């Protein structure tokens, strides 16, 4: 009689297994050698460290995931995020179980990303890791529809967004950072030149922190940046639009200093805990950037990165 | 009687307009100055160039868009792409109408990305730009589910993908490039050391070109890379999984040369026009990388980047 | 008789100049049109801004220069720096004269870079710009000779260094940051696996600030990083050396948490105002990094980037 | 009498050695365990590979070294290079001895970098590695003095350079690539707008290959790029200079297509084997770039990267 016999291989060393050799865990086969000690794995992380200093920030970064978030107009937008997750670690424990941080992100990956979801992920992870503190950061490109100013041709630009949630025992701080691109035209160049004026891309980076119910929309930060520049940027511009943006920038010249001051004047009116304004003009007449920064924080002290 | 009077401003210079002053285009108001010449814009691009050489590649790059594509298992995946679009330009024309390239991408942005869509976009753009040739490139991160080998805990890794379509008058060439990460363990280090062996991340970059109906799946290129390395990489690994990947890499040591040769042996069996294999090992004992490359192309000649 | 006549062109518009037309400034010729207003340029920067907020940080970044610095052993090392220079700006002045910042760097570019030179550049710039505050940052690669551990074959590795000088009215703060690469081997992987242990590159970033005469050498920060890792990294390793580094890492396993704690224990003993320790392990079994950070600052408060 | 006794530790495991235990190699001490097999290390690289395909490109990349090169005016310039070194490998050998590549670079690191030095390094490495082919690549920033056009204030800009040497059995190909920055001003924007015109940074990347005695100077490639753009870029510009560059760009508008064609017209007159011209305009009115490329190569066929 012909009996078909399934023969297994060790998934580690590829060795063929004799009928009574080895064994399987969750359907994965191992030879005797690679099977041994499988049920008896030490937990080195739980042991005593050599130096028992507490660590405030330990975790993982550069974990990439697809996400989706709500647009201000009610739409839903799919994008991809680079994620960082950190916890605090007490002085008497050698290591964090890093897999629990990745599992925390994975578990909530089907849900729409917003501040409250991040608070929930942080609670889950603080609980799993027995930590007092958890910080979660999502960095992602965000897309905004832009209709060309005269031809009304549809287009799309992107900005770079960071959602940063710090969850402590009884409080949290949520910070939204948006880096977007606008046009700036130099007032000095315009004033002293017979014709023309040099102009360039400005990278405007705006951060605002809240610890309450105020919602700071990405779209609103982009709007502030655009309103304080010489002209907005578009992805599609037909000739009447190109005329428009050229003339508009020429009529609205702005130094990098003018831009941060105008933005400061708008940000100071929002109910924010802290905020930070950075503008870098990629000068078309130099290889270097012109840069200005204004910060306001709780302690009313300006720190430098 | 009280009559409310709407008063308009010039959208360029913000000057208030008197009742009979200025005018609107598509609802956008201009003062007399900024209105003039609006209907009479020259088409500089259409004029004669100073040097009448034809240009094979001219267009736009770093245009970002959300996209979605089909997974091998039939699922649909949302991600974001960096896009390049190029056309050829005849020697008698000064410039390309670049807005038509951005409009082409925008027009098809609601559809699922695949080779046939890219062929359609290229046809549309070739027609609009009166070009003989169009090249379209989409670069995007792509996500692949990875179940931990022993604990079966779900996770996700990403790879970097490029879809590159060159559309000529009567033919096309479509190239898929995937850069993914695996583990490599050094056979020399294992052999000569009492214990352990240095191991590291390998970046494996595989390109394959087709000009017919053959479908080259991202998942299949990732699988080839993983099968030819010391061990796969995962985002979530519990302790039994960490034991598994450590022992598996130790039992399957590979030089960077072994990896490109094994991959070559698999790629040569696929119905590809050209292919290119690059592996960079981020050595854990150096700050430099170990690198190997094997190419095969139509002319059976190896070119160098 | 043949008299050669030199004929000039306008350097702006290339128009040939008639004998009595145009004129030259510093040997540069202009037509009448482009010559006009040359001696009468407004100083827009000096005018009143729309919003009179003071700005603490305004200046230039991404200015590249060749530099040379002293090595701890007395040698002189040439390298290249990315430079940032910022001043503060009072509320009543519209703009900074940015050219004065670039001129300040240029003027001192022949001298050896060290803290005292940076203090001098800052004084020069504060004076020229009538500012109370100046910050100067030099970022550069720095090279360190490394002799292979057994074969004694010479080699060289590099680390990334930042010199950051903040000069206030009566005080300064000087911060040295070094990012170097070492090997780390996972203690958990070693403990639970029959053979081998995953290991990887660690990027160790150490910052220390001083406001007095203490000299913090780049070489000493690199040494601290190496002493607290599983093994040093080399550029040249022959086989006896490869055996050495493989076995040494295997005998000295370290979590990212172990590394920051050991480094903290060394840094806390130095006479530093502030310090900051960041370690990122580029895990060979994941695409993400394991990261830990410990800071100590004047206010004894830990801030997060 | 007191006799001081030196006690040694194993350099691998830090174990204290008893008087007759262990031994030293080149002054490095080992315990008996870590000493064993030291004189008997297998040479795995020399063994037979599983697949005996020859490999054309295998080696190391991202090796950083300080270098110095000659300027066109006879001066000597120090800078730092990222280095790649590759050899070919026959089908019957499992691996390359990568340390020999790093040693080759190290051995010649005291000499001035130029084509002939690279030919010598390649010969040395081909000999050590028994290879038919060697490719060596040095990538480095290069600095060029720029005197401000009207004020004559001195400054400095940098460009990015690649020296690429391919050494075959009886011939070589040496390619110089320079990426430099200039200003471009849009002819269409100027023509259709009442005032002003958008302008931006152009990144111009020029490659030229020679296989004979012709010397292609970095300075000459930068000059070609500048002559074909709307205006040069400077690091220091006082107000008369800013007026100059603004007006000069306005009087010399250029599409990206105009730039590549003008450059082509100059490059075609040089005694080059191959050349490649790429210009990317970082549009101040978009977030994307306008790009054009023209190549000429030996086979008179245009390839795409």
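Note that the chains take the letters A, B, C and D in the order they are written out, and that residue 1 is the start of every chain.
Keep in mind that, in the parts below, a residue touches a chain if its C-beta (ideal position, glycine included) is under 8 Å from a C-beta of that chain, and two chains touch if they have at least 3 such contacts.
Everything numeric in this text was worked out from a predicted model, so none of it was measured.
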Looking at C-alpha means, what's the farthest chain from chain A?
-> D
A-C compared against A-D, more contacting pairs | A-C
Between chain C and chain D, centroid-to-centroid distance (C-alpha), Å = 21
When the centre of a chain is set as the mean of its C-alpha atoms, what distance in Å lies between chain A and chain C?
-> 25
Inter-chain centre distance, chain A versus chain D - centres from mean C-alpha coordinates, in Å | 33
Chain B: positions in contact with at least two other chains = 34, 37, 41, 63-64, 102, 158, 188, 192, 194, 235, 237, 239, 243, 247, 251, 286-288
Category of the chain touch graph - line, ring, star, complete, other | complete
Chain D partner contacts - residues on chain C that touch it in the complex | 11-14, 25-26, 28, 34, 37-38, 41, 43, 63-66, 68, 77-80, 99, 102-103, 106, 109, 141, 143, 149-156, 158, 235-240, 243-244, 247-248, 251
In the complex formed with chain B, which residues of chain C make contact?
-> 157-158, 181, 183, 185-186, 188-190, 192-201, 231, 233-235, 237, 239, 242-243, 245-247, 249-251, 282-288
The answer for chain C against chain A in the complex is residues 33-34, 36-37, 41-42, 44-45, 49-53, 55-64, 84, 86, 89, 94-96, 98, 102, 135, 166, 187-188, 191-192, 194, 255-258, 260-262, 264-265, 280, 286-295, 302-305
